[in-house]
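Here the structure is laid out as structure tokens; the discussion comes afterwards.
Note that the chains take the letters A, B, C, D, E and F in the order they are written out, and that residue 1 is the start of every chain.
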Amino acid sequence: MGSVDPVVLFFVLGVAAGLLRSDVRLPSALYESLSIVLLIAIGLKGGVELAKTALGEIALPALAVVLMGLGTPLVAYPVLTRLGRFRRPDAASIAAHYGSVSVVTFAVGAAHLTRLGVPFEGYMTVFLVLLEMPALVAGVLLAKGIHRATDWRALAHEILCGKSIFLLAGGLAIGWLLGPEGIRPIDRLYFDLFKGILTLFLLEMGLITAARLQDLKRAGAFLIAFGIAMPLVSAVGGAVTGWWLGLSVGGTTLLATLYASASYIAAPAAMRIAVPEANPALSIGASLGVTFPFNIVLGIPIYHAMAKAVHGLGG
Amino acid sequence: MEAHSGTLLTIICEAGLEPVLVADLVRLGARGYTICDTRGMGSRGMRDALWEGSSNIRVEVLGDRALIETLVAHVHDRYYANYGMVLFVTEVEVLRPEKFLKRPGEDPS
Amino acid sequence: MEAHSGTLLTIICEAGLEPVLVADLVRLGARGYTICDTRGMGSRGMRDALWEGSSNIRVEVLGDRALIETLVAHVHDRYYANYGMVLFVTEVEVLRPEKFLKRPGEDPS
Amino acid sequence: MEAHSGTLLTIICEAGLEPVLVADLVRLGARGYTICDTRGMGSRGMRDALWEGSSNIRVEVLGDRALIETLVAHVHDRYYANYGMVLFVTEVEVLRPEKFLKRPGEDPS
Amino acid sequence: MGSVDPVVLFFVLGVAAGLLRSDVRLPSALYESLSIVLLIAIGLKGGVELAKTALGEIALPALAVVLMGLGTPLVAYPVLTRLGRFRRPDAASIAAHYGSVSVVTFAVGAAHLTRLGVPFEGYMTVFLVLLEMPALVAGVLLAKGIHRATDWRALAHEILCGKSIFLLAGGLAIGWLLGPEGIRPIDRLYFDLFKGILTLFLLEMGLITAARLQDLKRAGAFLIAFGIAMPLVSAVGGAVTGWWLGLSVGGTTLLATLYASASYIAAPAAMRIAVPEANPALSIGASLGVTFPFNIVLGIPIYHAMAKAVHGLGG
Amino acid sequence: MGSVDPVVLFFVLGVAAGLLRSDVRLPSALYESLSIVLLIAIGLKGGVELAKTALGEIALPALAVVLMGLGTPLVAYPVLTRLGRFRRPDAASIAAHYGSVSVVTFAVGAAHLTRLGVPFEGYMTVFLVLLEMPALVAGVLLAKGIHRATDWRALAHEILCGKSIFLLAGGLAIGWLLGPEGIRPIDRLYFDLFKGILTLFLLEMGLITAARLQDLKRAGAFLIAFGIAMPLVSAVGGAVTGWWLGLSVGGTTLLATLYASASYIAAPAAMRIAVPEANPALSIGASLGVTFPFNIVLGIPIYHAMAKAVHGLGG
């Protein structure tokens, strides 16, 4: 059993607590505090690594990663409207959630690779930041078309200044400015405690996931199937893109994980304001109730295997 | 107690609405508001406040009847259909109605 | 403002009662409720919310007169004697009474 | 429901006032009170609850008309001019008025 | 003064803050967060140790520990009804509090031994988990008799899925699954910070204790005497049981501490629902206002002395 | 860029988040928890150092530090009433804020010196504790005169038992009692994490500062100028006093920083109760909106330069 990640066990404990209606409950202030620390820590770590890379070197790959990443919402939307018979705003909102990314899934993926000793490109965090946003814009366009009156300035503000991008990008900048030496006095909090904080966070995510399972019953079998199939398809896209860009096996795994992950922080907030007609129980039920647990428990090892396979075939 | 009649509007809604809702209230003439964090249950299911996506707020605005009717009409038209929301209006007594009514001039009366 | 009369029940009680109290309210017909965390003082002494054992909650239920009377009677009989608790009822105006009255069918009106 | 009339005082004010305000209320005869933490906006600007200096509280006291009028008069004279504060009074129905009225004797009625 | 435990000093600071009506106040979210981390940490630590022990080896001792532990409520109840003239539900509820255990008292006891370099059996945490529950059942039986309608399923759920047992047992299981190697990435949070977190927690416990001292005045001299005498009596039982089971001096000290400690998390919650007629000011006033401070400041060293004495006499 | 303090970057990030109206928001429970940990940590650190010093040795210097510290409110008050044309209670309240000290500014100053490897006297924390209070008394006297009915007992209680002095002094006492050895088990939390916790705290202070900038517009140019000039003047006093008392360059820097810093925890609370006629938007606007950011970003290096200059001239 030495090969199970502690983080996964805490997630399972949280789900069990929720399903058994235990009164275990993390105060919401703790949840918010942990997510702030995680976002900053991931940003810092990425920034320190980024300092080792020439920015020009990753500009083109970053563009490719973003463009390929738009594949997910563009595939998801017609599947949801035609096969799933969802209303237009609902389909667009779900597509936006799946096109965007989950920071915690990324963190668990990185922890998984670290535990196995698989190296990955430090600048993956930059892709994480860049991937959060475009799918949200795509979602609004899918919902309303380009002609309809959308308050694009408000949406841009909502996304760019949203907690999640702001803290990731802020951490990235600070890590980049300080470099490995400058960061040392604060690494006890942000790096040494990272894994432990992640376990608490996943305990809470387990509780939240369990509470979402009710929504799922309403949502029905199609959405559950979508919540498992969509990430697998997106991960294939990520694995191929990663290999094509010359990423390492670790980096390819993380790109597949990013593509496969569905947002549940930035996307719900942005969609709620920009596409209010969409029912959030559907998009959050799928992303938190199905895709998040699937990725944490089964997905990440699968994406790792995919990355190895693609590299094996390709190289 | 020199009391005057006032009207209190209470809105319970999704926490994510706070910035836009509050901006609307002030734009339509509210001289102040008070917010507390809540959780709850309603027609859209459980809102357990475990995370930001499932938290509610409870907004109170004191004003005169006319102001509150304006606010209710706007909130109803703009948000009621698409957001988890409940609102109710109570007649209350207040001490210094100028505080809630006068629009211009910011003296703390 | 097309307002209708509604009735608001506010219960302030020990936080530990939340799960059982809420289950009772829903079983007796409440279509929703809203809870916030509070502290206070009363005949059973100080409740300073320093820890879970000394916290209070404030529960609000909107409904019609009949529902609220049912809830008050039940809560009184079942909890009033043995638990720190206070409750009061206010007449309010609501927007869409169907939301609080209709029992069956979960459409978000 | 054997209801009796009661009066509810709600005070929204700066959080820093809590200890002195609560001591005054009890000294003047309040048998209990309930407090929750809030944020808000008013004539003295934004109170965003980011830190202790910009937090508000919402205090509720149930009593009879006479008690509440005493409390309102005192709070008004002592605090209204110098502190961020709003208050309003609502007529409500309560279950066991003895709980809020009887001064001496601490039996939990 | 090098021999005072930091934890005790923080407790005294908290009591002083409370008595002097200082506005020092830990936010309740911090209190809840710290207790979650403490429960998990204690569970994890126990689980890692447990992995070194054959489960069969401790099954019988565990049974003995639980059965002997029932001595406390069975002694407390008649003392409280006959000598103390308490009403039946009050006596039963207080008996349940004293029969159950305090996780924090256990943690302070373990920290005390660690500071003195006294080793103890790692699986003591298992006893901690097992001892929380049976006394609560005994309390309900004492209050209502076996015939009266009690919702036993609800009670079982309340106890087994209560935060305290759930997180301890969950931590135990995760620690056991991961073992010392697997736990390493998260030991910075749960083990290295443990003692520091305990100081914050005891600061808060001091504030809470100070607030309870008022209740005590109402409760009267008998309950104060009971709150000191009962743990001493129970500790003797614990010391003898520990020696009889062949525990080390450290393990014997901790068993005496467990028997002597009174619950203030699981018991109040369970009794409030199962025996609502009992006045919680009495049971919590005694357990938090008298017994907890007594154990933290004086009791634990006394129980250690007891353990040494019993081992001296016995062996 | 290796020479920027991480703490300053986090402060700037917080200000940026506030000005851009990002939804980044630390829960108030986190803010309160961090300030409790910081106060205790600073106290503990000072107490451990104090254990190395004979108390008699610092009694006289402490008295001199306190008396010279009263210079700030005595200079500020006439400047504010005559030049600034402030009402008496407002001038007195602002004078009290500037006469008292900011714990976080002190912590950032100490971190700055530590990063540069500049040593300072460990007992500076004692001065920090002692300097918090007298200016508050001076402020009340300035506002009301000595004859007017002031509830001095209530004020003394408000100040002495206020969170800030109580936890600093409590930490100081515990650190002094335990000494460097006794403190070891808890230094992972209070010392190792200190700098990281400070970054989170300054992120929040940035958010708070940004929110205060509105108040400043109302307050006008005079108060902004005062908020920059006053600390510079006070710092000169501190630098000279430090040199005169024979402090090291580091100690002199910290004394100048203390004199230059303006309170925003103890002073607002005390003035609100004792001088309710004073408008808190003015005093807090100046101390949090101007002086705090000035000190953090520019002031501390300036005071360090002052200290070096005075020592250069003097010795």
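FYI, contacts are C-beta pairs under 8 Å (C-beta built on N, C-alpha and C of every residue); 3 or more make two chains touch, one makes a residue touch a chain.
Model, not experiment: these values are computed from the prediction.
Fewest steps needed to get from subunit C to subunit F, stepping only to touching chains, is 2.
Path length between subunit C and subunit E in the touching-chain graph (shortest route): 1.
Under the touch definition stated at the top, subunit B and subunit F share these contacting partners: A, D.
When subunit C is laid over subunit D using CA atoms, the rotation angle comes to 120 degrees (nearest 5). A comparison of the A-B and A-E interfaces places the larger number of contacting C-beta pairs at A-E. Of all residue numbers used where subunit E meets subunit F, under half belong to both copies. The two sides are thus made of different residues.
Distance between Cα centroids is largest for the pairing of subunit A with D. Relative to subunit E, the most remote chain by averaged C-alpha coordinates is B.
For the pair subunit D and subunit E, the distance between mean C-alpha positions equals 39 Å.
Computed from the mean C-alpha positions, the centre of subunit B lies at a distance of 20 Å from the centre of subunit D. Subunit A and subunit D have CA centres that are 46 Å apart. Once the centre of each chain is set as its mean CA position, subunit D and subunit F turn out to be 35 Å apart. Subunit C has residues 36, 44, 90 in contact with two or more other chains. Residue numbers of subunit E whose C-beta contacts span two or more other chains: 23, 25-29, 32, 193, 269. Touching chain pairs in this entry, ordered by label, are A-B, A-E, A-F, B-C, B-D, C-D, C-E, D-F, E-F.
For subunit E in complex with subunit F, the residues that touch the partner chain are 1-2, 4, 6, 9-10, 13, 16-17, 20-30, 111, 115, 192-193, 195-197, 199-200, 203.
On the side of subunit D, the complex with subunit C involves touching residues 1, 3, 6, 8, 22, 26, 31-36, 60, 62, 90, 92-96, 99, 106-109.
Note for the complex: subunit C touches subunit D at residues 12, 36-44, 56, 58, 69, 72-73, 76, 80, 86-90.
Considering their complex, residues 25-26, 28, 31-32, 204, 207-208, 211, 214-215, 264-265, 268-269, 272-273, 276-277, 280-281, 284 of subunit F touch subunit D. In the complex of the two chains, the subunit E residues touching subunit A come out as 27-29, 32-33, 36-37, 40, 157, 161-163, 166-167, 170, 173-174, 177-179, 181-183, 185-190, 193, 269.
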